[in-house]
Structure formats: C-alpha cells, structure tokens
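One chain, subunit A, appears in both complexes that follow, with subunit B as partner in the first and subunit C in the second.
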Partner chain A sequence: MRFLVQIVLSGIATGAIYGLVAVGYSVTYATMRVLNFGLGMWVMLGAMVGYTLHVTFGLNVLIAMLGMMTVLGGLGLLAERFTVLPFVRAGSDVWIMSTLAVGLLFINAAELLWGRNPLAIPPFLGKDPINFAGIGIYPQEILIVIVACAVMVALDVFYQYTLLGKAFRATASSTEVAGLMGINTRRIASLAYALAGCLAGFAGLLVAPVTLAEPQMGTILGLKAFAIAIIGGLEAGRGIFVCGLLYGVLEGLLSGYLYTGIRDIIGFTLMILVLFVRPNGLFGRRAEERA
Partner chain B sequence: MGKSTWGKGMTLAILAVFVLLAAGPALAQDTIKIGFSGALTGPAASFGVGIRRGAEIAVDDINAKGGVRGKKLQLIVRDSEHNPVKLVAQHRELVEREGVVALLGGTNSAEMLAVAPILNDQLKVPVICPATDATKITENDAWQEGRDNYVFRYGMFGRGQSNFLVNMAVQRFGYKKAALLTWTAGWGVTGRGELTRRLRELSTPLVADETYDTADTDISPQLLKIKQAGGEVILNYGLVRENVYVVRAKDKIGDKTPYFSAWGLATPAFWRAGGNLGEGVLVSTTITADGPQPPERLQFLKKYWQRYGPDMDFVPGTFAAHDIVHLYAQVMEKVGTDPKAIRAALENIPAFKGLVKDFKRPVFTKSRHDALQEEDFVLGRWTNGKLLQVHFDQEGPHVILDDGAKRYIDKKTLALR
Partner chain C sequence: MLSVDGLRVRYGSLEVVKGISFSVREGEIVTIIGANGAGKSTTLRTLAGLLSPYQGTVMFRDRKIGGARPYNVAALGLRLVPEGRQLFPDHTVRENLELGAYLRLWRGERTGVAKDMEELFELFPQIRPRLDQRAGSLSGGEQQMVAIARALISQPRLLLMDEPSLGLAPMLIQSIFDALIKLRSRGLTILLVEQMAWLGLGVCDRGYILESGRFALEGSRDELLRHPRVLEAYLGKTPRS
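Presenting the complex of A and B:
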C-alpha cells in the first residue's frame, strides 16, 4: 500500500510537469491553428534565464520569474513576427520547420551561454523532503501541482471573463468575423504566441529545481508533453492538464509494477488507441459539436 | 602611380603567393602533427574539451623543452559533434590532408567502434583513446585476427570497469544480493550486460534489474522495487543528469542502499548539480584529482587552473590526454614520425612515468592494447564535494580527508564513521 501511494504521489508530481508544458501547445493552437513545435526549448530557456536572474544575480524568485517571463514574452512576439507570420501569410506550412528551428537555435545558444552541464536551482520552499508514514515528497513537487492548478484556473478566468480573453476566443472561432467585429486579430495572434512562450518559461523555472536546468532539458519533455496535448485534445486546456497528471501516474505504475523499458511503448500505444476512438483527443470536441 | 608599377606589384604578389604555396609542405614538415577529433559541442562537449586541454598542456610542455627531435609538436583539433559519421570523415581529413602521424581517440564509443576498422585497414595511423570504454574498440577485428592493430586505449574499458565494480561490491564490501540500475541509452546498455556477466561469474544473485530512460525525472518506483527485492547494493551505469534524479529520489523515499557507479559520475559536474545528495556515492575511475596528490599531479593541476580556471569536468580524460601526448613524444624520440613505426613501438615501451600511472611494466603489448587494467582502477567516494580515493586496510574501506584524518566507511549506508 505504501508502495502504491508513493508511486501515485511521484506520478502526480511528474504528471503536473508534463501537463503544465502540454497546455502551452493549446494556447496557440486554439487561437490560430499554429503549433510551436520547439516549445520544449522555450521551457528550457525559461529555466536558464531564470537561473541567471535567480541564482547568478540573486534576485527574489518572484522577481526573477517576472523578469524571465518578460524576456520570453518579448522573444515570443519576435518569433511570431519573423518565423511564423511570413509563412502563414503565404499559406505555407513551413512554420512547422521554423518553430522547430527556433528551438534548436535556443539549444545552441544555451550551450554557448550557460555551458552543457546541468545547473541546480535551489527549491523555492526548502530542500528537505516531507516524510509521512514512510512516504516522501518534496515541497517543490507539491508547489508544482498547486501552482499548475492555479495557472489552469487563471487561464480559464482569462478566457471567460476578460475582454482580451474573449477576443482570443472570438479569433479562435472565426478570424474573419472577429476581424469584422473590430478585433485586431493580427495582434491577438502574436499575443497568443507570446503568452505560450511566457507559459513555457514559467513552467521551465517552476520545474527546474526538480529536473535541473540544462540545454537538453526541453527535448524529451517537449515531446512527451506534445503527445499528452494530442491525447487530451489540442484545444482542451484543462483536459490536457488532467491528461498530463494521468500520464505521469501511468508512467509511475508501469515502472513500479512492470518495467521501465516497456513504459513508453505502452504509453504511446495508448495514445494511438485514444486517437482511434476519439480523433480530437479525450477532451476535445468533434467538429460538428463545436459548430 | 603608373600602370606599369601596378602591373609589377601584381606580378610580385602572385609570385609571393606561389612561393608561399611551394613552401607550405616544407613549413608543415617543421612540426609534428597530432590529431584529435571528438565532441567539443553538444551533450558530450565537456569530455572533448577536457581531452583537448590535457593535450594542449602536454604539447606546450614538450615544445618548451625543445620539442621532439628538434621539431615542435602541433595539436590539430576537430569537433565531431558526437557524431560517428563526422568523426570518421575528420579522421580521414586529419590523416590525408593535415598529415597527422598520431591521434587521440574521440569521446563516444560508437564513434571509435566506427573508425577502428578504417584506421586498421586504410589510414594506418595509431590512435590512443583516453575516454571511450566499449571493450571491442581495442579488441577489434584486426586484434582478433592477429593483424597490426592501430587502436590503443589509456582509460577505462567496459569489461574491466564492470569487473572492478562488481569485485569491489561483492569481494571487498561483502554484499550478498546485488541490484542493477542502468541507463537505457548509450553505454548503460553495454554496462548492464557486463555487470550481469560478472555477477553471474561470482554467483552473486541479481535480485533486481532496473533501468531508467533519458530525462526520467523521478526514479522512486525503480528504487522502491529494488528495496522490496532486498538489494543490498545498487550498481549503476549512467551519466550525471539522471543520477542526480536517482540520488534525489533516494533522499525523498529515505533509501540508504549503497550506490556504486561507473565513471560517468567521476566529474565535479555531479556534485555541482546534485549537491550533498551525492555524499557517499562510490564511483570507479582511473584517477581522482582530489585529496592528497603527488607533486607531478599538483604541478599539472596548477597549470590547468592557470589556463582554464578551477573547473576540470573530465578529470580522467584530461590527465589521460596529457599522458598520451607524452607517450607519443617518448616513442617518436626513439623511432621517428612514421605512423607504422610509432604503432609498432607503442607495443614495446618497457616503462613509462605517467600522471595516471607510473608504469613499471610494458604500457601495451601486442595482445593487450589497454594500458590500464582492473588493478589500476580506483574507487572514489564523493565526500563533501570531493571525490576521495577509497583505501583498504584490516579495518575496512576508508578515505583520507584533507586534514589527514582517516575515516572508515560504513558498509550498510556508505556513511563515514
């Protein structure tokens, strides 16, 4: 029993990391049908810039977080303007490559600026694990789960109750009509991209005390999160996050009761099965439902 | 300025270019070129950079004393980017265009396995590997067929390292039930096979055989399984990042099972990332730069710190590269710079005073192309940020701290008594 509880707890902690990153994919997809395939590298960059501000310059973690998100948001605006918009305008799919190229550029830049060794960022709430009846968890892991949930709520509030959020949703449902109603859809598109960048960076600095910050940290994380975003349904923000949690727990159970080696085989087979049964993902709505 | 003057100037310039071109090979012959191709960027970059620095210091030392047979040594470096295809192409280029007469081996086993037959069958220039540990690199086809083998190694090799780790755990520390925890990528796979083989040879039960993937952030399920299976020691083959997750998961679930690792953790990067969670981890290596050191090693360390700063990320490879260049210099002083002669002479060095080891026996023989053997390997213990060598006496394993104090290692937890 203790074994099971420990594994489920660890799984939730890992799953929250996946979920938080995966949600980033939905932000741009839901508004303008564009995916940032290099998103994992934005997560990494968030951790790295956060490391410099928080550890090297010794800034308070909240200030470091804000500063880093400003940098990544700015980069998001630039990246959208120069690596996505020109191709979308031309009706070409080259943005798939260019978003990935930006990610690779980040990896190389990070290797030059921060070196290739993993960097440790001290946990925000203390180093020692909390131990209860032989079951351990790190305060940072609890923090990740709570903050990730808070971010989901905040996103919901943003979409439902703010003018800008409503403009996002309007652009998502029809760019043309939204444009006719006086919404600057061009600006919405770049804001969505910047928001995704901020969110990815936020996730990066939040999880770095657990995962370590290093240039390659986003590669596999980004890939798994992408799979989760697909399983959840690319437009279903909350659904994606729930999927992330479930996926983390599933991974833990497979490692604990079966074998690590077959974990990804089962995980990705499940993904394909889900897509067979529900092509829009577990929580995505079908086209006719949406209309 | 008249037209004719301009014309004359031009003619002179062209002439000068031709003279320089003609003099090129002659200039090149004034130096003896040693080549190195390995990862200088990407995830394995710290290995390649460490090797290059060790070799650079050695080359400068030798040149300051007049070089070899009156000629200066020159190190020619290429970045293989951890890519076997690039490394093979660069070896060709180094030999055929640059005319290197000897090589230092690369940074990843797959690279060296790929280039070994090409060196033996086509390029015929000797290489000595400071880093890559797959057993078959030196025990290649040419070796098996008794032909001239151009591939040597001055570092860890898979079979030896696994034997050393298992022997230490079973024979010196006396554990009865072993568990494996290995990386599913790269050398973790070969390491797992070699460790299993050695455990079987010593008929020690393997009670759990767990693995972790690249970027697995939480290893607690695997550690819990090992605990449930009653593993008394965990043997690991992997690199820094995943092992920081391992020691963190051990801390989280309060697991104190002794942890023995292959030399992927013999780098200060492990302590920088893992902090004091790494305390007590035991690591097999060829050399450790921490703790009391003989004066020659201190001298080398001082030169390194002066040139490159306080971080030496790949201690065994940096020291080995230094020794390899000196080994080449010693051989070339004797037999000249023909690559074939150098290769043959490497198999006949009766003694060699290196920083990693003071050889009183032949460094290599025709049948043994691994300079360092199991008995030359050392066990290090991560102790307060330093990798201290583990010594043994009647009372058991111990380390010697900086203040000279002798502290024994508790075999149940690897804590200091």
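Presenting the complex of A and C:
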C-alpha cells in the first residue's frame, strides 16, 4: 500500500511537469493553430539557463526563474518572428520543421555551452525526503505540484479576468473577428509563442533538481507532453493539465508494477487509442459543438 | 469620410468586385443593395481589412487603408458588424462588449466604456439581463443586437453592417432597423449592405445597386425607390406606366 501511495504521489509530480509542457502546446495551437514541435527542447533550455543563473551566478531561485523566463520569452518572440511567421504568412506548413529545427539547434547549443554531462541543480526546498506515515516524499516533488497548480490557476485568471487574456481567447475563437475588434492578432500570436516557451522553460527548471539538467532531458519529455496534449484535446488547457497528472500517475503505476521500459511507449499508444474513440481528445470539443 | 475608387477584389482567379467607386460622407447612411453573390459582403470585408484589393484605392479619413490589417483599420474607427453576427460564442455577452471596446479599455477609458454600455442598454434593453450569459446561447436577434452594440461601444467613425436582417424573424428585423434609425438621428455614419431592398433603402440617404460586382444603379433613396428597375427586380412591384 505504501508503495502504491508513493508511486501515485511521485506520479502526480511527474504528471504536473508533463501537464505544464502539454499546456504550452495548447497555448500556441489555440491562438494560432501552430504547434512548437521543439517545445521539449525549450524545457531543457529553461533548466540550463536556470542552472547558469541559479548555480553558476548564485542568484536567488526566484530571480533565476524570472531571469530564465525573460530569456525564454525573448527567444520565443524571436523564434516566432523568424521561424514561424514567414511560413504561416506564406500559407506553408514548413513551420512544422522549423519549430523542430529550433529545438535541435537548442540541443547543439546546449552541448557547446554546458557540455554533455548532467548538471545538478540543488532542490529548492532541501534534499531530504519528508516522511509521513512511512511514506517518503521529496520536498521538490511537493513544490512541483503546488507551483504547477499555481501556474495553472494564474493562467486561468489571466485568460478569464484580464483584458489581454480575453483577447487571447478571442483570437483563439476567431482570429478574423478578433482583428475586427482592433486586437493586434499578430502580437497575440507572438506572445502566445513566447508564453508557451516560458511554460516549458518553467517546467524544465522546476523538474531539473529531480532529473538533473542535460541537453537531451527535454526530448522524450516533450514527446510525452505532446501525446498528452493530443489526448486531452489540443484546445482544452485545463483538461490537458488534468490529463498530464493522470498520465504521470499511470506511467508511475505501470513502470512500478510492470517494468520501467514500458514508461516511454504508453504515451503514443494511449494517444492512438484515445483518438480512435474521441478524435478531438478527451476534453476537446467537436467543430459543431464549438459553433 | 470614405472614398472607394475603382475597387476590384478577386478570390484566386475569380473576380468578385469589378471596379466599383463610391463614397460615404459624414453623418449619412449609404446602402448597397444586391442579390446573393453580387459582391456586397466582399466589398465590406475588403474595407474592413479582411481581404486585400486586387486593384483600386480605399481612403478612410484621408488615409489609404486598402490592404491594411483589420486591427489597424479598426483602430482608425472603421468597424464592421459581420454577416452572421460572429460573436465570440464562449465569451459572455459582457466580455463580447468589452472586446468591442478593447482599444478604449487599453487606453484606460474604463469609466467612459461603462457609461456607453449603459446607453447601449437603452438602445437594446434586451442585452442587460443577458450580460453574464454565454453569447453563443443567445437567440439570433439578441446576438445581432450584441453584435451591433459590440461595434458601437468602440465609438466608431464609420459603421459597416453586413446584412443585419439575415436569418431574423420580421419583428426582430424591425427592432434592429428601428435602432439603426435612432443611430442615424445621433449622427452616426453607416454603410449598410442588405439583400432585402425595402429594408436597406428604407433607412438610407443614398444607395447603390450592386449586380455581378458592378454598380448597376446609384442615387438618393427616393430616386432608387421610384426607379422602375428597382421596383421590379428588388421590390417585387410592377412599375406604373
């Protein structure tokens, strides 16, 4: 029983990370019908930049987090401007390759700048597990869940209660009509891309103390998050996050009770199964429901 | 206020608007009448920046806007109420109105927007009780009222209206057009596109008859209402000899 609870708790923490990254896919898809296929590498970059600011420069973790998000946000604006917009404007789907290419560029750059060896970022709330009724859980895992949930609530507040958030939702609903309202839909698209990068980077720095930071850390994570975004339904932000949590628990249970290797194949198997039954994902709506 | 010269618009190789020229002066209501596929909506969508002209110039308040992006056109004070209302269905009615006033709210005009919203509730009393309802759940008539209110709250210099009667019951159509008459008395400039000629010509100062992408006729309201061709083809009456 303790083993089960332990697995579920760790699974929720892992799932929260998957959820954050998966929501990143949703942010750009909902507003501009574009997916950043290299988003996993933005997770890695967040961890690496965070490592430099927090460990190398010794900055407070909150300042390092803000600094990292500023860097990734800026890179997001640039990447959207130069590797997405030209293709979207030309009506070409080449952005599929260009977003991936930017991710691969990040891996190469990370290998050059930080090397190939894993880098350790000390947990933000201490190393020793907290024991409760015989169950040990790392403070960093608790932090991940709390912070990820807080980010989701903040994102929800942004979408529901701020003028800019409402403009994001309006652009997602209809770019054309949003433009008629005077909303600069071009700027919203850039901001959405930057926001997705920030979410991924945030997840990267949050998980790095548990997994270590290294240039390949985001590749599989990004793919799993992509599968989760599809399973949840690409436009259903909250649903995707819940799917992330459930996925993390399922992955933990399967690798804990069956064998570890199964962990990396369940994502796309599940994705195919879900799409077979619900083509718009578990929480996605059909086109006619949206009208 | 608006002057269009030699406007031509194409969808691929298909030319839909074939070189039309017209103008709208401050404070007047101008109506473009035409059958389905005549190019009315295409003309309005081009003026609003949703389509780019293939040829011709569009000047609005002394600025060239042909080919400009919709948000830049909207910022100049030209506002389109699109065909089929096109509200944001998952936003509440209040949010739709806020988005209509997006640029004003961004400039910090919260008090002014709240005051104007109250005035709009006098024009369309049906909106107030629906404020916190999802816009997609409203009836067609209510949606049309919200769509017009959403455009008006931006304080437009020129309101473009694309077939406001489309899909509405006769009683609702009447209340929408009554509202237009009230707006006209307040000095709002409107360019109206309408398939139902008697409605469109009933409220306008001047009108144009668009047929297959070209203006077949133009004139004042009375001239058009008396014109044999309009009487026969658009009003279903036999002209008196």
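Here is the rule we use: the second predicted complex is superposed on the first by the 283 of 291 C-alpha atoms of A that agree within 3 Å, B and C clash if a C-alpha of one lies under 4 Å from a C-alpha of the other, contacts with A are read in each partner's own complex, and residues count from 1 in each chain.
Throughout what follows, a contact is a pair of C-beta atoms (placed from the backbone, for glycine too) under 8 Å apart; a residue touches a chain by one contact, two chains touch by 3 or more.
Note that this is a predicted model, so its numbers are computed, not measured.
By the touch criterion defined above, A:I17 reaches subunit B but does not reach subunit C.
Contacts of A:V145 after superposition: neither subunit B nor subunit C is touched.
In the superposition on chain A, A:L75 makes contact with neither subunit B nor subunit C.
Looking at the shared chain after the overlay, A:P118 reaches subunit B, while subunit C stays out of its contact range.
Once the two complexes are laid over each other on the shared chain, residue contacts for A:L163 go to subunit C alone; subunit B is not touched.
In the superposition on chain A, contact is made by A:L212 with subunit B only, not with subunit C. Applying the stated contact rule after C-alpha superposition, one finds that A:A110 touches neither subunit B nor subunit C. In the superposed model, A:E176 lies in contact with subunit C only, and not with subunit B. When the two structures are aligned on the shared chain, A:T185 is found in touch with subunit C, with no touch to subunit B. No residue of subunit A lies in contact with both subunit B in one complex and subunit C in the other.
Contact residues of subunit C toward subunit A in the complex are 48-50, 69-71, 74-75, 79-80, 82, 86, 88-91, 95, 98-100, 102-103, 105-106, 136, 150, 154. Those residues of subunit A lying in contact with subunit C across their complex are 163, 166-167, 169-170, 173-174, 176-186, 290-291.
Per the touch definition, subunit A reaches subunit B in the complex via residues 3, 6-7, 10-11, 13-14, 17, 108, 111, 116-120, 129, 131, 134-138, 210-212, 214-217, 219-221, 252-253, 255-256, 259-261, 263-264. Per the touch definition, subunit B reaches subunit A in the complex via residues 41-43, 45-46, 184, 210-218, 220-222, 224-225, 228, 240-241, 244-245, 248-249, 251-254, 269, 272-275, 313.
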